[in-house]
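These notes concern the structure reproduced below.
To keep things simple, chains are lettered A, B, C, D, E and F as they appear, and every chain counts its residues starting from 1.
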Amino acid sequence: MNPAPIVFTTRSYEYLSDEICELGRFERGEIETRTFPDGERYQRLCTHVSGRDVFLVGGTVSDDDSLELFDLACAIVKYGADRLTLVIPYFGYSTMERAIHQGEVVTAKSRTRLISAIPPAARANRVFLLDLHTEGITHYFEGEITPRHISARKVIAQAARELGGDDFVLACTDAGRAKWVEFLANDLGMDAAFVFKRRVDDRQTEVTAVSAQVQDKNVVIYDDMIRTGGSLIHAAEAYAAAGAKSLSAVATHGLFPEDALDRLKKSNLLKRIVVTDSHPRAVKLRDGFLQVISVADILVDELRAP
Amino acid sequence: MNPAPIVFTTRSYEYLSDEICELGRFERGEIETRTFPDGERYQRLCTHVSGRDVFLVGGTVSDDDSLELFDLACAIVKYGADRLTLVIPYFGYSTMERAIHQGEVVTAKSRTRLISAIPPAARANRVFLLDLHTEGITHYFEGEITPRHISARKVIAQAARELGGDDFVLACTDAGRAKWVEFLANDLGMDAAFVFKRRVDDRQTEVTAVSAQVQDKNVVIYDDMIRTGGSLIHAAEAYAAAGAKSLSAVATHGLFPEDALDRLKKSNLLKRIVVTDSHPRAVKLRDGFLQVISVADILVDELRAP
Amino acid sequence: MNPAPIVFTTRSYEYLSDEICELGRFERGEIETRTFPDGERYQRLCTHVSGRDVFLVGGTVSDDDSLELFDLACAIVKYGADRLTLVIPYFGYSTMERAIHQGEVVTAKSRTRLISAIPPAARANRVFLLDLHTEGITHYFEGEITPRHISARKVIAQAARELGGDDFVLACTDAGRAKWVEFLANDLGMDAAFVFKRRVDDRQTEVTAVSAQVQDKNVVIYDDMIRTGGSLIHAAEAYAAAGAKSLSAVATHGLFPEDALDRLKKSNLLKRIVVTDSHPRAVKLRDGFLQVISVADILVDELRAP
Amino acid sequence: MNPAPIVFTTRSYEYLSDEICELGRFERGEIETRTFPDGERYQRLCTHVSGRDVFLVGGTVSDDDSLELFDLACAIVKYGADRLTLVIPYFGYSTMERAIHQGEVVTAKSRTRLISAIPPAARANRVFLLDLHTEGITHYFEGEITPRHISARKVIAQAARELGGDDFVLACTDAGRAKWVEFLANDLGMDAAFVFKRRVDDRQTEVTAVSAQVQDKNVVIYDDMIRTGGSLIHAAEAYAAAGAKSLSAVATHGLFPEDALDRLKKSNLLKRIVVTDSHPRAVKLRDGFLQVISVADILVDELRAP
Amino acid sequence: MNPAPIVFTTRSYEYLSDEICELGRFERGEIETRTFPDGERYQRLCTHVSGRDVFLVGGTVSDDDSLELFDLACAIVKYGADRLTLVIPYFGYSTMERAIHQGEVVTAKSRTRLISAIPPAARANRVFLLDLHTEGITHYFEGEITPRHISARKVIAQAARELGGDDFVLACTDAGRAKWVEFLANDLGMDAAFVFKRRVDDRQTEVTAVSAQVQDKNVVIYDDMIRTGGSLIHAAEAYAAAGAKSLSAVATHGLFPEDALDRLKKSNLLKRIVVTDSHPRAVKLRDGFLQVISVADILVDELRAP
Amino acid sequence: MNPAPIVFTTRSYEYLSDEICELGRFERGEIETRTFPDGERYQRLCTHVSGRDVFLVGGTVSDDDSLELFDLACAIVKYGADRLTLVIPYFGYSTMERAIHQGEVVTAKSRTRLISAIPPAARANRVFLLDLHTEGITHYFEGEITPRHISARKVIAQAARELGGDDFVLACTDAGRAKWVEFLANDLGMDAAFVFKRRVDDRQTEVTAVSAQVQDKNVVIYDDMIRTGGSLIHAAEAYAAAGAKSLSAVATHGLFPEDALDRLKKSNLLKRIVVTDSHPRAVKLRDGFLQVISVADILVDELRAP
């Protein structure tokens, strides 16, 4: 019988690695990490990886996290792992996935290039990604690495039903997500609602129209991620103005930098927000208003699959 | 003074290569092509390419065209071209750019992989692509090739204005294009209209809602490509039912396989369709109903840029 | 115990995949394939390949077949196959394996480049090729893929003996095959005969000499492939003129495009032709004059080898 | 005449880019950089790079700086630069250049891998590095990028002479630098002094011996970099105990994190420290005790070389 | 005006580099080479290569020569050459270009892999090869390097005419070269003659037949290379037995290891042998019997071409 | 149960392969090797490698050995080995690991490039190296190969203790090895001694100082390799002049080209030298003065590790 796969994690994702190791037959990989006075990281793999099947959990939530992940991954390969699977619950820069203006840095592409530059383990490198901002990013990876796009739809759909009840409208915050919302709404057997934005000037837009079905309905706004919540508030205002009975929101990824969550609460537009634990910030902020559901089950299913 | 760049073309795109060579200072590259009884192609570059700046025009409109392009490109590099630029007005399989169901072949990715497998010319390989179905495909290319996404917006916007007049609504055929339509509508200073589709069963959908602004308006439906025209007809019916005063359509790419154009004409929904000459099929079918505008100007601007 | 390897096939080679699956312990892989009105192929792997040992049978008999093979292969790897082996009974363009004149496209090289561009499966990619026109093509492949050249000599030698009887001369159609014929003649313990061609003009040659041993002998002409049969007819005429008692032909690959087989029959030079089922065209044309022998046994031996 | 090369810089190195642009005929490249509330960077190249010779100045002083450099470099290539030269005055993690214990992450290698993953510009990528901790790192880079190791010896030797006067001993802080000190001492025509350290326990060492020549001499301690200054203080104590008349220090790179510089001052062992401006921290801290000399001259010589 | 290209050479080919530099406008590159007592080579490029167009002449006539060439080539690239062209007049191991028996090392392929592993210079790497044993080897190279196969036919044909006079038969030593001989004979307007060999046992063969046209004719035997001359002697004996009036030989490459040339002389079969100076051994042995003609002209034509 | 791994060897290392096969459960791989009159090697793998775990032992002690190793390695991979591990007890050119002067060929880098160019086996390529001259060379390898640096410290420390007795000084020959000696001295609990060299002119240096602790002590000089022994003699003279009671030497690698060993004996400075059998030359020269200890045990431990 083969030994259990090893699960390593970056420091920010220890909570998720804990959940995964509780659910499946995995060996927890130990890493010694120190930070030197000049800010450089010392890292040592304390668990031997040679010939082993290795998972490394870590989101690219910051540059530090990204390079901590990259450095560990390179070392896991060079110390002889048989297979390396990166498990990236939150893929940073996924909204910088194309250039709108000449000269813009498409950081989503350079991040996939970074991960593609990890040397291949004996048998293979794989990367598992959860609810990417656009599906296409899966195909930005280059060379030998095998990406797998994992959907959180199972837990998102359940959360939407709990928020919206028997009859609700699934609404989007932006025309760019219309297809996703349409798809999920069809899955749920509900109607979908959209907003149209008009550019006021170079930096600002205003919502000018809402499709008409929200009057006296429970509206669940669905997006792949909530960052500052600005778009969410503008959309919620539009749906409220269009007569929505109640409003709530569900998203895979919740970041809420700085006082973003407070501002959402104080807007008094939404009765509740549900996100997954794909980003460590959401886990830290969870409370009565912000409900956090786990993706560990979904991930473990994929980690166990051949 | 450097010699003029050489412009080669696959057989299907000779019309476009002709237009390009008329507009710019280019040397026309000669290719001898024969087909053997067993179907294999004999190709010979009659113009010497060693040390030269070379453009190769050719859309991936079929498997034959794709490999004709690939074989020529490999030869141009191996005979020593200084730089090779593929000019691909129509990139086939761009709608197979992600897997909806497990096991689906993402042919758009394997086509970018094909082009990325052309060995690099001395100075570089570049690929110019026109109005891709999704912008993300630009980043599917791997390794050293440099993609450039060229927009036909300039001629499309002009065509939309000619079709719609001073006041019209720019409308989409599908929620997946909502963002594009929103973007162009904002550019034109016009309103945008969307449709919502409900899945009837596994293969069929029906349009169930239209945003309300089309009543008594001229509606110009805008899409990146028209193939059989099925979506276009369904959308047009919905906009007609919602009270549109007149309907027309504009798209970058027009394919109209088999009797597609006839069916569009016979539907009597649209007064006119405008597409560019990015696909040779459109060029063959042009008539009073189907207006074909050239992208040669747009391409030559890019070919001339450093 | 490991699960049986999966055998997929392109559509043209279903007959051979059937034979292989009957002979060995393999799981037949299912593929859903549809062609859209615009000519694009939709393909879906219905059998899960993740972690599996996968064979994909398909000759590069046309551009469509070549890209069908390429697209499937890329998908098999990206869906996580442990190992991928391409089984290519007929490798198209193998006679375009070098440039005679400046500027000629060496399509055999660009086809090996195409196959080398399939991303590597977890454990490895392999390509099995049968009786290539020149052995050197095995070494045209680049990067990580491992080519294996499989010889059909076992069945060819047996067929030659059946055609020629106890005492015959093994003859060639062209000086370029002299070494092959010499080699097989030595294996069979028979004499070999050659022809010498003189170039009449740029496109035409005439046979001007035959080595002397064919008088009153049964002559079996051996070539790696028969396409239109033109060279075969010219060689047969020369051997007939030199006094051969009877003439027949054996080859690994039989293409016979258009009316090629009819012309061979009507020439009344050969009593019979034997080819293998490496090309689907031969399988379709088999009759009393054209005998088709199977290479499934030979292939299965290689598929089973470690 | 070719246009002047463009010089871009990361934000931390604007001071050095300014110095370079004052010294040479370069065009200053403009970059728009913003930080979003979630910490992600927006970057846009405002100067067109297509077909141009481009320099990008930036040290890998932190993870943020490293990825800012990487993202910009990828974009410069993808927007068509003819040649890209990274100018890295300080290469972080250069002391993590080999594993002492099993499992240690060799971060210097993964940082060279990161830089090697930048796609190659049309004509080439180059990387210029200044006084690396070990010369070998030059050869850690992979693939097509061309590294060039630039020595600051010219300005270091001059600084040593100014600190030490006509007759001094060049001393090292650690046996690992003995060869470097020996080399520079020979260049200067001075004697060299070494220290020997004994390991007290797993984490601590003590200096136990000094070579005998320092009695009543001016001692200039030379190292490639000063970080916290701990080794420097221990070595200085040993040289002081061995009878040195005066002590000072010179190094290429000065980091002085947190209160390191204060502790060096308060030790009262050294009369002065001289470092170059290769690290932005030294530039910020310069004062009477810490003299900072510029490497701009040295870099410009290399930037101008063919 | 660009500076003249630099021509470097390995030590064995200085004679050819001298000839090339006399014919064309080239700068002679200086290399310092020493051999240490342990047999390791010290090499230093004394001519600066950064930004220059560089040719490196050297045949792979031994392992030492092969690695001297490889090491120099890598250094030329890493010191920044703009373009590197390897000029390989004799490509060793070209007869080990395919495996006859399972397990044989195809050294010709691993030598092309060696050369393909030279990192690419800024603009490109090229490799020029002269009269390869099989044309296919041109396509064994991998990745970015551009091979060019140069024919010595011009000087070989002239030499054959001088040897054979107005009317002669061009003959081969082996069925494997039949196509080459046929091709050249057609070029010369002469007849061609072949031999057929029968395998006596595992190691030995005997010539058993000659095509009949050589009676009372001058016979010029043509091969790509003469090594020990064993095949040449056997073929000459057969042609003599078949009544040839006179015999001579011409080949591109002459190696004549040990006493091979003496044995050829003492056989008294051939009146003269002509080879080119592609191999240094021939240059050393040239005398009245062995005439050596230069390929410098042919090479310079290619070096000057764009 | 998996079959035992196969151990192949180059011809120079048969003695070590024998030792390894006696110690562990390995299958001895058979290779047929012949040398042709023109100096080319014929090699054939007589043991089937497809699907097997393969070790190949061979030091890069000369160009011939290096390419014999390279050719065999390429063939092992192309015949389908599952995993290939190169076991390189002595890595030639490891002292040419950096350029001191402009233009010097860094042969250590081009040799790692050579080994990195071996195509990857199905599961992986690994390279095991023993006591490299600098640790950094481990990171010179590129791409997919996984290097492992093996230390002979276990047998070296034991040999040093046997040479030096209960109380001795561990001394170095050169400041460049000071860190290594310091490290091993600390391991042994002994003092360390150093020498300082002054450059006399461009080619010569003289030892001018020794750290003071060697008076009346047994001195064991430790280096990674002894070549001509010149440095060793100079250092020994310095330690003798400084009053050492007895002198001996220990090194991992012993080359002793030409009459080097005799000169060491005749110097009468050292009572004994101990080296390992990492280089075949030491094995041939072993006698009462030169003791050779085996590294087979150390290697087998690594070969057995996962």
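Throughout what follows, a contact is a pair of C-beta atoms (placed from the backbone, for glycine too) under 8 Å apart; a residue touches a chain by one contact, two chains touch by 3 or more.
Since the structure is predicted, the reported quantities are computational estimates derived from the model, not experimental observations.
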Chain D and chain B - chains in contact with each: A, E
Which of D-E and B-C has more C-beta contact pairs: B-C
Where chain A and chain E are represented by their mean Cα positions, the distance between them in whole Å: 61
Centre-of-Cα separation between chain F and chain D, whole angstrom: 33
Whole-Å gap between the CA centroids of chain E and chain F: 38
Sites on chain F at which at least two other chains make contact: 48, 78, 106, 109, 119, 123, 143
All touching chain pairs, where touch follows the definition stated at the start: A-B, A-C, A-D, A-F, B-C, B-D, B-E, C-E, C-F, D-E, D-F, E-F
Residues on chain E engaged by chain B in the complex (per definition of touch): 83, 123-124, 126, 143-144, 146-148, 305-306
Touching residues on chain B, where the partner in the complex is chain E: 48, 50-52, 77-78, 80, 82, 119-123
Chain A partner contacts - residues on chain B that touch it in the complex: 97-98, 106, 108-109, 112, 134-140, 142-143, 174-176, 178-179, 181-182, 186, 191-192, 194, 196-199, 209, 211-213
Residues of chain E that touch chain F when the two form their complex: 36-46, 48, 62-64, 66-68, 70-72, 74-75, 78-79, 92-93, 96, 101-107, 109-110, 113-114, 116-117, 119, 227-228, 255, 257-258, 260
